[in-house]
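Shared chain: chain A. Partners: chain B in the first complex, chain C in the second.
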Partner chain A sequence: MLWVDKYRPKTLDQVIVHQEIAENLKKLVTEQDCPHLLFYGPSGSGKKTLIMALLRQIFGTSAEKVKVENRTWKIDAGSRTIDLELTTLSSTNHVELSPSDVGFQDRYIVQEIIKEMAKNRPIDTKGKKGYKVLVLNEVDKLSREAQHSLRRTMEKYSASCRLILCCNSSSKVTEAIRSRCLNVRINAPKEEQIVKVLEFIGKKEGLQLPPGFAARIADKSNRSLRRAILSFETCRVQQYPFSSNQAIPPMDWEEYVSEICSDIMREQSPKRLFQVRGKLYELLINCIPPEIILKKLLSELLKKLDEELKHEVCHWAAYYEHRMRMGQKAIFHLEAFLAKFMSIYKAFLIATFG
Partner chain B sequence: MRKMRDTNLMILSSDDEDDCDYKPNSHRSYTKNPKSRSFITRTNPRQPKKPRVSGSRSRFSRDSPNLFEVGFPEEDFEELFSGSKVSAGSGRSNVKELWVDKYKPHSLEELAVHKKKVEEVKSWFEERLKTTKNLQGNLINNVVVINGKAGVGKSTTIHVIASHFGARLCEWNTPTPTIWQEHVHNTNTGIQYTSKLDEFVNFIEKIRKYGLIPSSSSEDTKPSIMLLIDDLPMTNGRVAFERLQSCLLHLVRSTQLPTAILVSDYDEADSADHTARRLEQLQLSLENAGACKVSFNPITINSIKKTLSRICRQEQCSVTDEQLDLIAKGSGGDIRHAITSLQLFCVKPDLVLNGSYSTPSYSFGKEDDIDALVSGISFLFGRDETLSLFHALGKFLHNKRETEVANAITPGDAFLVQENFSRLPLKMDAPEKILCQAHGQARPVTDFLHENVLDFISDEAMDDAWHVSSYFSDSDLLLSSFRGMLARYNEAENVLQSAAASVAVRGVLFGNSHPSPPRWRAVQKPKLWQAEKSMLHNQKEIARQRFIAYNGSSSCNVSDVATEYMPVLKWLEHRASGFEDNQALVYCNKTDDESCDRMSLDDKESDISDDEIEEW
Partner chain C sequence: MAPLLQSSQPWVEKYRPKQVKDVAHQDEVVRVLTNTLETANCPHMLFYGPPGTGKTTTALAIAHQLYGPELYKSRVLELNASDDRGINVVRTKIKDFAAVAVGSGQRQGVYPCPPYKIIILDEADSMTEDAQNALRRTMETYSKVTRFFFICNYISRIIEPLASRCAKFRFKQLPEEIMSNRILHICNEEGLTVDTEALSTLSSVSQGDLRRAITYLQGAARLFGSSISSKDLISVSGAIPREVTEAIYAACKSGDFDLANKEVNYVIAEGYPVSQMLAQLFEVVVGVDDISDEQKARICKSLATADKCLVDGADEYLQLLDVVSNTMRALCNMPQEFSYDI
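The block that comes next holds the complex of A and B.
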């Protein structure tokens, strides 16, 4: 088992990073009326961990006994029936799913599953009707229609189920949903906090940490706790005992992206663009999200660029990121950004060096 | 079991409502006994009853329904006339008969088909007819496969040859499809539905096993028999196709009658179609089994013109030579079409007067409307000119332009554009028109252009590359807007699609202002397609593995798994398997890619990938 999972806090009491939030959540559920919740924050900040600890707080250990189910939902949509396949994780008291997996037909899933859940409500020990919790991942990727229908179902079935929504950016969740939920913002952990966690793990594993080593990992981790722990583990496998100047192995795809960057800085020509396209394809094939590729590309480029150009390059990156989200095939937009960069950079080189 | 009637001809018809289409003197029509075929509800009210060439042909009628049928597969023709009621109605007074039938060639000399081809087929049959008389049952190959585009005179040639030898021609024509209502109606009367393929297979089996039993009346003369299989039944799905194939292979191997199988080729542009591909496959396998193959080329414009002017002389209508030329050219080597056009042309005055200029009968595309506007009424009938997709792509990519601006443009006419936006005029039709001709779908066209255009941009011109790719980005935006939402409003989606294609194409043409020097290049199949395929595949993989996180008690975002878990796991695995050096961390999905490559090799797209485009 990876350390990320091994040392994931199981209960709200064990939480190291977001202790305050954990306290509040605990208070919230002990009063027996849990509102709908919306967790948002950057990846690797601990949203899921908190959600799971919260579920355990509410339902006890039964929340950990889950089964994975790959179900086909038959949905009657007016004139035709649609078959949608979706994997769900469920215990007796909660169901977790990522509705955005089914693409633009996600609205049906949201309605249908919530309706079904509302039908069979569990009865708790005191004979009172309890509620079920539905955990929806990646709500920000839900289509607009799905969010609207989610809003209606939230109102209609609020007696029988609670929703816990989880997403990276609340700006892509409609105002209507946000106002119906208690918003919980999970910040990315500070570097000191990450160091603290790493030291905690190191102690548990019985490792000697040279001074400053944990800080270096935290620095490289881009304030993602998951990232930090994962690279901590790779470091451990790479070399132990640690030396304080040990290289921290980067993610392979990140290396690949910086390779692309140095490619396009070295030569600007349609031919080079064509070569780079091949590399982009490879990244996409490996399911690296295009938004992340673009972001990483930009940050790598900014490291090497002259101050003069930074503003313009950022502008175009934003421009094409927007188009990428509107569009369908990311490669067109990624490539357009690279082409624009190459054309800017070439003009700059000519202007500077003649 | 098989009765043969010695009528020259029997025409099958379901509802004989207007008899005025008949040529009353020489032919009679029979309605087939109701058991077999009385329930046909024809959708078009005036099915042309086509008198056939009188000759020694006769028709066999069997007890089982629908087996033999004399008909002529001229659906397009029927449509033409039934669809445009006005024109047909107005022209009926002077059009007694379709010229295609009236001037059907009766002798080998009259055939417009190339002499050599006719000779080839003729001598083939001659040989067979002789040998079958002498050495009955000798197993030489007895099948000729004739292919060619529609309307190049395949069936006519066979008919003429048959009458030339005085042979009796036994035909299989695909029976009229059973309509659902008809089937429902029939089930009450206890008639089983048999698929057309079943019927065909039965027919072939019987022919193969028993040959044709000559009728007693004609026993003394004993005319030789030729079998003609026009129009193979449509097969849907692999299984049906294989059945058809094996049945035909049996026929090729063991038939004792000289048999001609006619296969219509489709335009290249349509070859993405599965059926066309299958037909090719079928032909190949028949050939391998020993069938002789003759391909008919489109009929030359000259011989079409000759035929047309002969008809003109006989009909005494005055058509100028240029007009004939236009018709002949417009027909694209389809003589049937040319004759029909001529007939239509001769009744045209009525047509125009009746205001049926835009009769729905011309199911021609947009481009033809444009043509009609451009070249006036003379282009009212012409086959669609088609281009292969690769031809069109080549045009766009090579970006041929005039070398200098035509000075004739008056300043008032032209837009004033800045110098960096002005381009020399294109040396081709409007891009949209070319797209239409190539049946270009927006998405594939964009993908193809995207894959190939960079190769055509001069190495110095980075700005151009950006222009082009930004236009692709625009086009992608157009293609994806309202995705899924507009499924019901196809109209809007069509507009978007054509706009997107237009943006992509014009973007390529405009953006590539410094094309690289012309040379021979291959047009590549978009890698994007393969990339997308393997991406989907990997996504599924990852979705399955997403439960590795959180001890299986929760799921993880696909993107997190892909960007964080997978690399680390891979890395750890590398370590575990003993790769000690850091360089082992090369990008590790090479193997995946290779497997995908192999997967896509037998993919159907791959055979077009290496198509080469030459310089025009």
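The block that comes next holds the complex of A and C.
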């Protein structure tokens, strides 16, 4: 079992990083009742962990016995029926799903499936009517229509069903939904907190940590706890006992991106652009999301550029990322950004050095 | 089990006005509808206005008051965006419902029970244009036995032919004192203590949206117990603390790109929503005195561009960085045009 999963806090009491939020959540559910919740925050900050711990707090250990189901839903949309396949994770009291998986047909998921689930009310052993919890992942990727459909569903079935929504950026969730939920912001853990967690894991695993080693991992992790723990484990596999100057292996795709950067800094020509295209394809085939590639490219470039060029490059990065979102093929826009950068950089070189 | 149900209900639903006359601040609508209750006659209606001003509440209240709980189910069809409302539904479900005639008006106790049915189309602005077009003739043909209530946020999304068939009512944004009254009423019922500072914070963070104000209040009450301060409300509402916005602005002013980049990274890592950040940055920029109008205009333009991009789903970090870079160039009087862009 990976350490990331092994040391995931199971209850709200075990949470190390977001203790304050955990306390608040505990207070929230003491009356066996909670409002709709919207968790948002950067990836690797612990949203999911907190949600699972919260479910356990509400329903006890039964929330942990989950089964994975791959169901096909037949939806009657007037003249035709649509088959939708969706994977759900469910226990007796909660169901977890990512409606955005079905793409543009997510509206039907929201309208039909959620409604159907919301209508069935669980009854506990004492004959009390309880409520069901629906955990929806990646609500920021839901289409506009689907989000609209969610609004009324949330109100109508509020007595029998609680929604827990989880997303990276709450900007992409419509106001109407945000105003119906209690918003919980989960910030990325601070570096000291990451260090604390790493030291905790080190102690549990019985490892000797040289001073400053955990701090270096935390520094490299970009405030993502998941990443920190993963690279900690990689280090453990590579070399143990740790030496204090042991290199922390960077992600190989990141190295690849910085290679692209130095390529285009060295030579600006159509031929070089053609070479770099192959590398971009390589990254895309390996399922690195294009916006992440673009962001990493930008951050690598910003490290090397003059002050006056930075404004220009960051503007074009934003511009092409927006284009990429509107368009279909990521490669065009990534390449356009690189070409733009080359032209700007070349002009800059000519202006400065003649 | 009734008491348990009561407590688990959101306050927004619990304190939804049950009668038309209880709807706050929308005097014209209330006057017209009270008239309707007496004469039992009403036109097609179109309610529009910003969220949380009582549109749905009014529509539901009038329907309940006209028919009472018994007849409500058979006389009122409520459709909203969570139901499928494509053109097929308009052609079949709505038409079928509209076509059925009802018995002549017989007063049942206190309820007037007029001889027509009501179809409430909530969130009508998310209906497709085709579906709206299909409604036109239906509305006229069955106008004897059916009244339509349209509810929407943006009247511009309702096609003209539909809008012209209805009596239009704009729902006004709620002013601060009305909102405070309502909030105080709820606080009394729920046994909460809220001071005046918290009240004014609540109305400023909710921007005239009563539903949002009540949701925040309930959230804060759940999290922080029965006495609520303005700080608690800010943390529940997801507003960004002043210091963070100020730090971004100061970084822009310093003209140091790397410092600004660091601040942007901080905002993203803390998980603050960038749309909110833009809104608050806008307030800061408009409020400061020591920069020229042209500089302000330049900054606002970049804010607007970024906002549109965010709506399209662009990346938050890149957009904020672009705004910050634009702001920095405006504040430090760097040229707005790029020098190496051919």
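By definition in this document, the second predicted complex is superposed on the first by the 353 of 354 C-alpha atoms of A that agree within 3 Å, B and C clash if a C-alpha of one lies under 4 Å from a C-alpha of the other, contacts with A are read in each partner's own complex, and residues count from 1 in each chain.
Here is the rule we use: a residue touches a chain if its C-beta (ideal position, glycine included) is under 8 Å from a C-beta of that chain, and two chains touch if they have at least 3 such contacts.
Since the structure is predicted, the reported quantities are computational estimates derived from the model, not experimental observations.
Residue contacts after overlaying the shared chain place A:89 against chain B, while chain C stays out of touching range. By the touch criterion defined above, A:217 lies against neither chain B nor chain C after alignment on the C-alpha atoms of chain A. After overlaying the two complexes on the shared chain, residue contacts for A:227 are found with chain B alone; chain C is out of touch. Judged by the touch definition given at the top, the superposed model places A:343 against both chain B and chain C. Within the superposed three-chain model, A:251 lies in touch with chain B and out of touch with chain C [touch as defined at top].
By the touch criterion defined above, A:117 lies against neither chain B nor chain C after alignment on the C-alpha atoms of chain A. Shared-chain residue A:68: touches chain B; no touch with chain C.
Contact with neither chain B nor chain C is seen for A:201 once the two complexes are overlaid on the shared chain.
Legend: residue contacts after superposition of the two complexes on their common chain; A:326 is shown touching both chain B and chain C. On chain A, the surface touched by chain B in one complex and the surface touched by chain C in the other have residues 326, 343, 347 in common.
Listed in rising order, the residues of chain C touching chain A in the complex are 1, 4-5, 7-10, 12-13, 51-52, 80-84, 86, 88-89, 92, 122-123, 126, 209, 211-212, 215, 218-219, 222-223, 225, 236-238, 257-258, 261, 268-276, 306, 309-310, 312-319, 321-322, 325-326, 328-329, 334, 338-342. Interface residues of chain B facing chain A in the complex, by the touch rule stated above, are 450, 454-455, 457-466, 468-470, 472-473, 475-477, 479-481, 483-484, 527-528, 531-532, 534-535, 538-539, 542-543, 547-560, 562-572, 575, 582, 585-589, 592-593, 596.
By the touch criterion stated above, chain A contacts chain B in their complex at residues 1-2, 4-5, 8, 43-44, 48, 51-52, 64, 66, 68, 87, 89, 96-98, 101, 104, 135, 137-138, 224, 226-227, 230-231, 233-234, 237-238, 247, 249, 251-253, 255-256, 268-271, 273-274, 277-278, 281-282, 284-289, 292, 320, 323, 326-329, 331-333, 335-336, 339-340, 342-343, 346-347. Residues 24, 27-28, 31, 33-36, 40-42, 45, 77-79, 110-111, 115, 128-129, 131, 145, 148-153, 155-156, 158-159, 169-172, 175-176, 178-183, 185-188, 222-223, 291, 294-295, 298, 302, 307-312, 314-315, 317-319, 321-322, 325-326, 343-345, 347-348, 351 of chain A are the ones that touch chain C when the two sit in their complex.
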